[in-house]
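Have a look at these structures, which come just after this line.
You will see two complexes here that share chain A, one where it goes with chain B and one where it goes with chain C.
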Partner chain A sequence: MSAIDQIGRRREGIGGIVDSVLEEYGSVQGLLFLLPTLVLLTGIVFYPMIQNGLLLSLRDYTLNPAAPDPFVGLANYEYWFFGAGQALFLFSIKVTILYELLVVPFDLVVALGAALLMNERFQLPGLGIETRAFWRGLMLAGYASPAIAAGLTWGIMQQAAEYGIVYQFLTQFFDIPASGGIVSNKPWAFWGVVIAKVWRDFGFMYIVFLAGVQSIPSALYEISKVDGANPIQRFRYITLPHLRTVIVTVVMIRTVFTVGKLAIPLATTQGGPVNYTRVLGLVIYDVGFGEWALGRAAALGMMFAVSIIPLILLWVKTETEDY
Partner chain B sequence: MVDANLDGLRKTFNNGNVVAVDSIDLHIEEGEFIVLVGPSGCGKSTTLRCIAGLETPNDGKIEFGGHDVTELPPKDRAVSMVFQNYALYPSMTVYENMEFGLKMRGADRETIDERVRWAAGIMEIGDLLDRYPNQLSGGQQQRVALGRAIVREPAIFLLDEPLSNLDAKLRSVMRTEIQELQRKLDVATVFVTHDQEEAMSMGDRIAVMNAGRIEQVDPPEVIYHEPNSLFVADFIGSPEINFFESTFDGSDTVDTGAFGFDVPSEVATELSSGLDGRDLVVGIRPEDISLAPLGEGVIDTEIQVLEPMGDTQILYFDIGDSRIRAVVPSAQPIGENDKVGLSVNWENVHFFRPDGPSVVKWRKATDEGVNTDQELRTDQRAGNQ
Partner chain C sequence: MATKSGADDFTFERSGSKYNWEDHYKPVLKYVFLIVFLSWILLPVYYTGVNSMKGPGQIFKTAMGIPYLTFDPLPFGALIPILLGEVPLVPAGSSGSFTGLSAWRTMWEAFPFVEYMVATTVVSVGTAGLATVAAVFSAYAFARLDFPAKTPLFILSVMGFTFPIVLLAIPIFVLMQQLSLLNTYLGMILAFTAFTLPYNIWLLRGFFEDLPDNLEESARVDGCTQIGAFFRVILPLSRPAIASVFLLAFLLAWHNYLMAFILGSDPLHTTLAPAILQLRGTFFVKNLHYIMAGTFLSMFVPILMYMYLQTHLVEGLSSGGGVKG
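Moving on, here comes the complex of A and B:
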């Protein structure tokens, strides 16, 4: 009830931004105190956004510092929408969406599983209470490692070679071509990137979920045992409802923060085979720093930035809503 | 309706380093209300959790109605339980909370609905069924927890300090309600508390626990008037019993250091045979100490603190190194720092060995056979006047 009230109040406030800003900060004096931060933000956020984002996307950028970078209007946008870049553009959008739709749920399942497992009190040798901190910490290894290093390592492990242990393992179950291994063959390369990405990232959700399951009162599990619930029912009726809020939050965070990341695809497959795993972020990177077509890259970046605004708004909304 | 039997129950934690419950034998009759009482860490909750099946005992046997349930999981024991913090499922409504146990057991919708409404009727929470636990007051949550526990028609009803989270007034209301509920359902009930007053007022029998063992199991009156150890005498009764470390001369005199007194030959005989040496502890309940004119009691002393309690007042004296409590009717016109004499209702004095066990109660030795509860009470009242 209170959440709805709050949102309602916020909506009314959008009408008079100036009013609400003044109300929030008291006076012009109050705003002056914000000035240092505003200057800083202008320098590191707003200026680059305008100069290297919007303005750059309207120029034909050349490497030669002496040569002018003429304004070309919307030509760079036209290139992606209707010109030679269209096919790659559309394909990479498709890849990005697919990538997102696979990575986030996988991430969720693996992290939740790891959190539940690490929350158990095992009586097995080596898995008891004494070694618990070690195993819990180990689960964070991926999240602690640099994405490029993780991607490169996974790329190597997925090659069809003696040292390619992931390939060696998976090839027992799947018919993966030996020439090129996982990283250079469709559709395996895509899965290779997804696995590397999930391994690298699940630590974040894991640590949030672990904190979440630890905050569930043990009396709830005990009374449910007396009530006759089995482990699956306990998960369904106690754990999951308790984690609902954090699940929504981390899924939103992960969705927003995965969409522009390129380190894992870059390091694992370099976008290959051909463009098969070239997510949007990677296209921007390749066009910008591979072909030095910074104008085109900036145009793509601008479109990308605009298209994730709804996602961010959705995220902000879930953050402010109370469940 | 079944009875329950605990036989040599033992539970340890930390690979046996912590003994929570040590060889507990307890028989709970059909329909009996038994209270486990003791200080924190005495093993009363662990005992209850063993009965519920939430802990598996390391040793010993638990039987319900003659069936060995020691190894059975909680769901197969037909017990129901109420926790101190109620443990209502926060994501479910009151109705869903109450139906959960039946639903998990695959009961059909009609039965569930009938049972939930029956239990809600008894607990008078029929109008709360659509609410969520966080929309309820503490007392309402308590009722829901109790309602959830009775929905399933349990064989044994287990309550783990269910009143501790309530305020004093609500606590005394719920105390009576739980007793009435238990009588109505007529189901064997184990109630755990650390509050001796709660234990005294609720239990058919009380099991006083200390350091993982049961010190005494008896009806409340017996526990109070015939404690079988120093610990029980100390734990039960408010204000606490007064102890005097004393010596017995072997023939007929006991010396507490501050004062001495003669004991009748029957008591002397018991003391001679029951004591290891000459040391003993004399226990005198505060209500067995009364005021006497100066010089006429066993000792003259000064009132240090006076606590008016309404119809009675609690007086504190310093005798020797110890602080002594006495409960006297508030009609007596006295104040702090007044000098008074103290007399003792000797018949109710207890004698303990310094290592704990009770040796004898004065009256028991002199008055064999007539110490029914009723008489004890009448006598005690007479002694106070």
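Moving on, here comes the complex of A and C:
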């Protein structure tokens, strides 16, 4: 194709050559911009995922890097589906799904509440100084701290001891066994992990919702107030419809990002009592880097990856559909 | 409450009683909610901060209390070295008392916190730099250029971020073992880039898309080349956004546990997050204040950064919108 300028007339001479080169080059230019990213991602994501993820799952990993790993076919997959790992596999799937079903809605409710609250004004009485920005920043304390530190602290606070203040508080209302406290008794450990996880994670949704709430014109609220709508009606008929798309997107993101996380259960309960809070990510971590059965762990990881690909594609679709 | 004056003429009398209830209680209620919320959010921060300054006995007595002195009153001058942690522990026989910052000092010196901090900072800065530079170019391409296979390439690029890190951990561990990059900063930086780069691409693409369409065109009219327009117009405009994306990548690397744990079995080449978890094994419950000190120190820096980042992020995003408006 040769260079044709906007009027549809071919340009002559040097200018025409430059134009035609640029035009030829134009579609490749985007790829040139992409080059560093593609090289990096190929090196550290795609190549290892295929070479060391997919192929390793068909092998029995030996700790000696010099020795070849024997090829065992589908034995690693068989281990999880029909072999000794079946019980743990099925149980941890259940745990992971339950974990998602508790964490994401709690995240949503807490974050929405925080965003609505932080949309209010907090003027110091008498002085007229607006303190809202400061509280808004403090709300992010959980999201800012490392998940490991959060899990560790909540785990300590949930122990049945004099210093376990969360246990001391909750034991006033619930009958929590004194041996083991929240972190090592059956129904409670799960809630302990969920509290820590929501504390750590709701900040992300909170930031997104805060931006969403701020974009709602305040005139809508004033008009509806004049028309006699109460706060619940205003939330139901103004706030929620405005935030609907944001809520759908964010819930999807959170679902995808929570699914493989393991730091909070690891630091809070270490997966216990027995396997009660051992989410799938933690199983992979334990089998891979605790027992050093990397082949088995890779097999589990591959199944995990395949099962969440639809979730990821759904998310990417909502991300890209308006363009 | 405003006095009855001209502004109130707009109030509808008929529905007045209904709103008075709300106007009356809302100012109180919102402070109640604020206090409840913040006490839940600041609880772990307060708990670790306060207990890091107490001896074990005092932690067992009042975990929520403010550290207090249990021994005979000292002249004020004698308190200063205790506060600074220069006197390692309080007088004999009172193991349960106020320890000042001595636990922090122990963390800093004995538990090699300084080394962990250095390692974490090097790795986080390296990761953020690499991820941001690569992401600026590719996010620009995804947002504003046309090229073949754009959508599939975008999905592939962002996938690394949505993929759980634990699934990348095993392949990357084996790769780094083959390249003998275990226990090196380079290996860790490369591994962390696997999930920070897609995140940065995703964020920056959104920002570049919000810039007005005709920016490059006007630069081209003024005589810039396409690439010149990118370097001279787009990059300077997006400096705040790039800065916040850099900081977010920095914090993502700072917070990561799994990759740092598997790639840094050597304690001096691992980052803060795995080191914090080691605290639980290293110190028994008897020495809870050491665990508290380490945890508090690891939370402190990112919390400060986030509070700074919050305003910075708003600036970065609003300047993008400002160009548009």
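Here, the second predicted complex is superposed on the first by the 271 of 323 C-alpha atoms of A that agree within 3 Å, B and C clash if a C-alpha of one lies under 4 Å from a C-alpha of the other, contacts with A are read in each partner's own complex, and residues count from 1 in each chain.
Just so we're on the same page, contacts are C-beta pairs under 8 Å (C-beta built on N, C-alpha and C of every residue); 3 or more make two chains touch, one makes a residue touch a chain.
Nothing here was measured: the structure is a model prediction, and the numbers come from that model.
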item: Touching partner for A:K225 - first (chain B), second (chain C), both, neither; value: both
item: If touched residues of chain A are counted for chain B and for chain C, the larger one; value: C
item: Which of chain B and chain C A:G137 touches, first, second, both or neither; value: second
item: First (chain B), second (chain C), both or neither touched by A:P105; value: neither
item: First (chain B), second (chain C), both or neither touched by A:G290; value: neither
item: Contacts of A:H242 with chain B and chain C, given as first, second, both or neither; value: first
item: Chain B versus chain C as contact partner of A:Q233, first or second or both or neither; value: first
item: Interface residues of chain A shared between complexes with chain B and chain C; value: 225-226, 228, 230
item: Residues of chain A that touch chain B when the two form their complex; value: 217, 219-220, 222-230, 233, 237-238, 241-242, 244
item: Interface residues, chain C side, partner chain A - complex; value: 12, 15, 18-19, 22, 30-31, 33-34, 37-38, 40-45, 47-48, 51, 59-61, 63-64, 130, 133-135, 137-138, 140-142, 145-148, 150-151, 153-160, 162-175, 177-178, 190-191, 193-194, 197-198, 201-202, 209, 226-227, 251, 254-255, 257-258, 261-262, 272-274, 276-277, 279-280, 285, 288, 291, 295, 298-299, 302-303, 305-307, 310-311
item: Residue numbers on chain B that touch chain A, as the complex places them; value: 52-54, 73-75, 79-81, 83, 85, 87, 89-92, 100-101, 104-105
item: Sites on chain A touched by chain C in the complex; value: 22, 26-31, 33-38, 40-41, 43-49, 51-53, 56, 65, 113-114, 117, 120, 122, 133, 135-150, 152-154, 156-157, 161-165, 199, 225-226, 228, 230-231, 256-257, 259-263, 266-267, 281, 284-285, 288-289, 294, 297-298, 301, 304-305, 308, 312-313, 315-316, 319-320, 323
